[in-house]
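After this come two complexes, each holding chain A, first together with chain B and then together with chain C.
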Partner chain A sequence: MTHPLSPPPKKDPQKRSVSPTRPPEVRSRAALHLSAAAAEGRFALQRCADCGKVQYPPRDACSACLSTDLPWQDMAPGGTLIAETTVRTSPRLYFRERMPWRAGTVQLDAGPTVLAHIHGDVARHARVRVTARLDQAGQGVLVALPETDTPNMEDDPLMRALSADPKHRRVLITDARSAQAPALARALQKAGAAIIFAGEPESWRPYPQRAELEALGVQILPMDVTDTASVQKLAGEIGGKTDILINTARFLRPGGVLDRGDTGFARDELEVNYLGLMRLAQAFGPAMCARASDGVNAAAAWVNLLSVGALSNARPFGAYSASQAGAYSLSQSLRAEFRPSGLRVMNVFFGPTEEDDWYQPLPPPRVTAAALARSVVDGLQRGLEDVWCGDIAQDLRDRFRRDPKVLEREMTLGGEGA
Partner chain B sequence: MSTLTNLATRLASGEIRVVDLTHTLDPDFPVIILPPEFGQCARFRMEEISAYDHRGPAWKWHNISMSEHTGTHFDAPAHWISGRDLPRAAVDEIDPADFIGPVCVIDCSQGAAEDEDFELTVPLIEGWEAAHGRIPAGAWVLMRTDWSKRRGAGYLNMREDGPHSPGPTPEAIRFLIDQRDIRGFGVETVGTDAGQGSHYTPPYPAHYYLHGAGRYGLQCLSDLDQLPPTGAVLIAAPLKIKNGTGSPLRVLALVEET
Partner chain C sequence: MARPASYEGVALVAPFSTPYQRYSIDTAHHWIATALRGSLRAAGLKPGDLDGFQVASFTLFPDTAVGLTQHLGLCPRWLDHIPMGGASAGVALRRAARAVQAGDAEIIACVAGDTNHIDSFRQLLSSFSRFAMDASYPYGYGGPNASFALLTDRYMTDYGATREDFGRLCVAQRANALKNPNAVMKKPLTMEQYLDARPIADPIALFDCVMPCAGAEAFLVMSEDRARALNLPYARLAAAIERHNAHADDPIQLRGGWTMDVDVLWDQAGMAPQEMDLVQTYDDYPVISMMQIEDLGFCAKGEAPAFLRDKDLTVSGDFPHNTSGGQLSGGQAGAAGGFIGMVEAIRQVTGQAGGTQVPGAEHALVSGFGMINFDRGLCSSAAVLTTGARA
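Here is the complex of A and B:
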């Protein structure tokens, strides 16, 4: 079993913080599909459409029949560890700082033999489960896990490096007024978060869930994502101990372009949903990036909660969807900008929510705050980049991937008329 | 010595004191809250454009944004539906002479301390006049409640049945307009109407009657306890916003030291 991770000691103020280092990032274009699947927690390899051979490593032509028709498919995780080594020295800074490092080859039940990082609880020649995870370079790597869960297995240094586990980490929920904030705080607490901060805009306006957050021990601090100075102020105070930031700030109103007739709510949507994200990133991003290798409670992840309407505009929330598309695009820029540090950006997409009053006229299904919180924590624990919470988000994702134009046409039906 | 020279001299000597009745424009200062499906009053916001840096090496400046009705502010007749067809109802059209005038301060601070829904009534106004003399035509009338000393959630005092803060009754406002011909009415709360003013008939009587009669409102005033009941001069000039229904203000009072 893995030795359970202790809460990290307080930092020695005389020591320099460790600069982030990263494992190698370069991959072939074909291999990026492995990363893309790992980004949402799937282990996929190419299977030749002509001869059926499963390929490893990813390639452009089948190693058996030279066919170029190599679709990616999710793989069964089962396999056997056939050889292993423990690397004790390396020219790569990232690995040098994390020696010794266990690696080996696994004979997959699905066919090929793959190179994998090996969890500390895997015995020699044991049966293993192979999963794909994103490393700190944001690339997919294969990991051989024990066939069945072992105690504290998530505390293995390898797993900490391949996740953004909230355990022992300090989390900032950016908007305490969010309908999802209490459920998130509860889930994070259950996952072992050390401290939960919550930003509170407009403390001059009461809201019932404040008492709930207080009872959970959440530290409520003033911040309004539309007020640059307040964001900078909170970042100045706690930016250096924000390990995970979950942006719950959201301005939501129904309406598209013509039915609103003005730009009032749209401005609020952009101020909160788009510029709010930018303000947060400008204030908290640099310190989080600088602390991405800072030990057990290194800064690990930036989490955006996004409407799935970001992918394809969803009436009757047309203008809101546009602001979400903006935020989604900005999150991709953040990914690129955070990459050199290894700080992860996780986007959690969801459909209409149960707790937000504005969805009240819509029929179910709706995403509950508890379900969303579970998705967030699960995504952090697995180090995901993209999480799709609930049936509506998953359905729209699948339809978007099949054909974005067909989805757009379905989402923009004019209705039967004369 | 001319009156103005005399005024300037006495201002310089401190015999006439300038009292600032204005809250600081602060992003965290409360604004009125309406049901969320309505358009909302923008909070004060400030974005730095440069601060002696690569964005502008020798200068610092900000872009600011807010509603016409954010912070200490002026309500013009065009603000309310009852005043929308009046001539010169927007801030850029009002005679600038209206921005400077005598002021009567009715102290309701004790009542407001005891009852957050305290009402300014006709008998209270008559009682004030018995002590301080009749309110002259063209005067500003300010309702002092010391509400400007409240901070945080206590200012709007919002509860599930809406905000609770003092204000005038419909009869009191009608009395001030019809019987005393006031220039306008000012308060230390977020609106000229009481927090529960939507439950009067007509709803929001101060807004409805004042602006319907071409009179003005002053809101979110501060430090009215610094003013004497009578004798001060109020200076409240809104920004000259084309078709503006109101404006953030710097409200000053000239108070003669006695």
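Here is the complex of A and C:
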């Protein structure tokens, strides 16, 4: 049974923060598909389209029939631990700093034998569940978990390294005025977050959720993502103890190009949705990167809430979608820039929301704030990189992956009226 | 499988080992040149006399055997590069012997060597194979120690081997190494020290692991007629086998490719395992030596621990094994680790082994194993050598 994690002691300011180190990042192109599936929480391997043999390690040709048609498919997680070792010395700094490290050979029910990280609660020669997780290099790795959940299993140091679990961590919600802020705060609190901060723009303007946030014990601090000085001021105060940042700041209005008479709203959309993200990252990013290996409450994740319209423009929110596409593209740059530190960027995509007034004319289904909050916390706990919350987001993702041009054509139909 | 043609008429001469160094500021080129020169001198030959050249090395980059010809001033009409680590010598010998028999070359130098800089083992590890990069390094980065720990763990589970069983092998090899002035390890090793050693990757501890170092090994292959004309002591090649990626569907490696070819080996040699005066196994970890002793027919699968329990594995014992100390006590100079047993076996059956000589040795088995590409060693080789002419 895993020993439950205790809240970390207050940090000694005279001590040097541990410099972030990472497990090996380099992979073959074929192996990156394992990472891509792990980024969404799926365990997938190649299965030969011609003879059905499941392959591992990832290949460019089938080891049974030489077919080069090796599609990736989700695999049954069952397996048996047939051999194990505890590594006590390694030339790689990341593992050296985390010794001893348990690894083992798992024979999968699906066929091949894999090398995997072994959870501390797995007994010798036991049946295991194999999952794929992203490690601190951002690459997919296989983990053998006990066949059934054990108490506190997420507190195993291995699982802490393969997740961004909010437990004992300090979280900043960047915009307290967001319709999703109270539900997020509640879900984070339930997941064991140590402190929840929320940035508040235009404090003089009343809004209904403030009392709710206060009642939850959220620390409300002034910050406006359109105001560089205010972002830098708050980063100066709490940047060194922000372990997870969830960017809820959003400027949302309907309209494409011709519906609007000028660029006023578009400017606001860019100020909040695109430049706001950039201001936050410039102010909070460096300190978070520097603390990415800082023990139990190391900085772990940067979370962007993005409209699924970022993938393919979604009328009647055409101009807003464009700002979301910008934010999405910027999040990919952030991923690359955060990668050397191990800080994760998690994008949570969602469709029209229940609580935002501007979506009122749209038909259901809509995403509730509670559902979005659950997705955020679940994604953090599983260390995901891309989360698709709700039916609309998942539908658009699937159509986008099937054929982005067909999706674009469907999204831009002119209608039969004219 | 049909019995392959005989290797008759082929002579193995001029075995040469450089002393090994833990770390070297010199290059693989330096070490290979040193061993080549040593071997040629032992045969009374000059570089210009060679018309075949074969090399095994991990640290030559960006060069290969081709670059070495210009670097070392050689002009061979037969050239070969064997990137097969611990299985290199057996593979090298098969190819060179056939080339000499066919007349494609008359005198072939077989050389294996590597350097070892302070950081070169780490760098070698980080670029060893694609499968290791994708599916092995990310899991603790224990290198070969971790890979062999898994095999050892399973072997102990299935066959009841104990750490003492592995220790007996390591302790005996250290005793042999103390008689070899070139061995890296100079201090005796007791069973107590073996068992109390620092754990590296459970169940493997410090003395189960080889010490990476710099060095090189070489010998020459020519016709028996030529060897006699030069008045050189020589060994004959009675049989040789190699195999790659055997038993790919075994979930974990408890046997090697030798099992597929062992009958061919003894049939071609016209001998039985019991007739061997000494055995040189590839000993990167003791479990692999046990596997070879089983798979090459000395005892049944899983019985090597019991088989070895009442044997004396030292040069003066009833089962002389890795007589120069092997890699475990002699050191592992990269690809030269694949040659250490072969070069020592040539010395033994030609009566040139000095302090480690097994009295009257005529028949030797040399076995090789190499290249953990992902979870198992892919290459296996073995050869039976007999006395041609003694020193």
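Convention: the second predicted complex is superposed on the first by the 416 of 418 C-alpha atoms of A that agree within 3 Å, B and C clash if a C-alpha of one lies under 4 Å from a C-alpha of the other, contacts with A are read in each partner's own complex, and residues count from 1 in each chain.
In this section, a residue touches a chain if its C-beta (ideal position, glycine included) is under 8 Å from a C-beta of that chain, and two chains touch if they have at least 3 such contacts.
The structure presented is a predicted model; accordingly, all values stated were derived computationally and were not measured.
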Is A:Gly264 touching the first partner chain B, the second partner chain C, both, or neither of them?
first
According to the stated criteria, A:Gly104 is in contact with first (chain B), second (chain C), both, or neither; which is it?
second
Touching A:Ser333 in the superposition: chain B (first), chain C (second), both, neither?
neither
Once chain A of both complexes is superposed, is A:Asp227 in touch with chain B (first), chain C (second), both, or neither?
first
On the superposed three-chain arrangement, identify whether chain B or chain C touches more chain A residues.
C
May I ask you to decide whether A:Pro58 touches chain B, chain C, both, or neither, giving the answer as first, second, both or neither?
second
So in the superposed three-chain picture, is A:Thr86 touching just chain B, just chain C, both, or none of them (first/second/both/neither)?
second
Just chain B (first), just chain C (second), both, or neither: which does A:Arg205 touch?
first
Regarding the shared-chain residue A:Thr68, is it in contact with chain B (first), chain C (second), both, or neither?
neither
So chain A touches chain B in one structure and chain C in the other; where do those two contact lists coincide?
none
The residues of chain B that touch chain A in their complex are 27-28, 30, 33, 36-37, 39-40, 43, 45-48, 152-153, 155-156, 158-159
Per the touch rule above, chain A residues touching chain B in the complex are 202-206, 222, 224, 226-230, 253, 262, 264-265, 268, 357
Would you tell me which residues of chain A are touching chain C in their complex?
23-24, 26-28, 30-31, 56-58, 63, 82-92, 94-95, 101-105, 107, 113-117, 125, 135, 137, 139, 141
Which of the residues in chain C come into contact with chain A in the complex?
121-122, 125-126, 130-131, 133-143, 145-146, 149-151, 153-154, 157, 198-204, 248, 251-252, 374-375
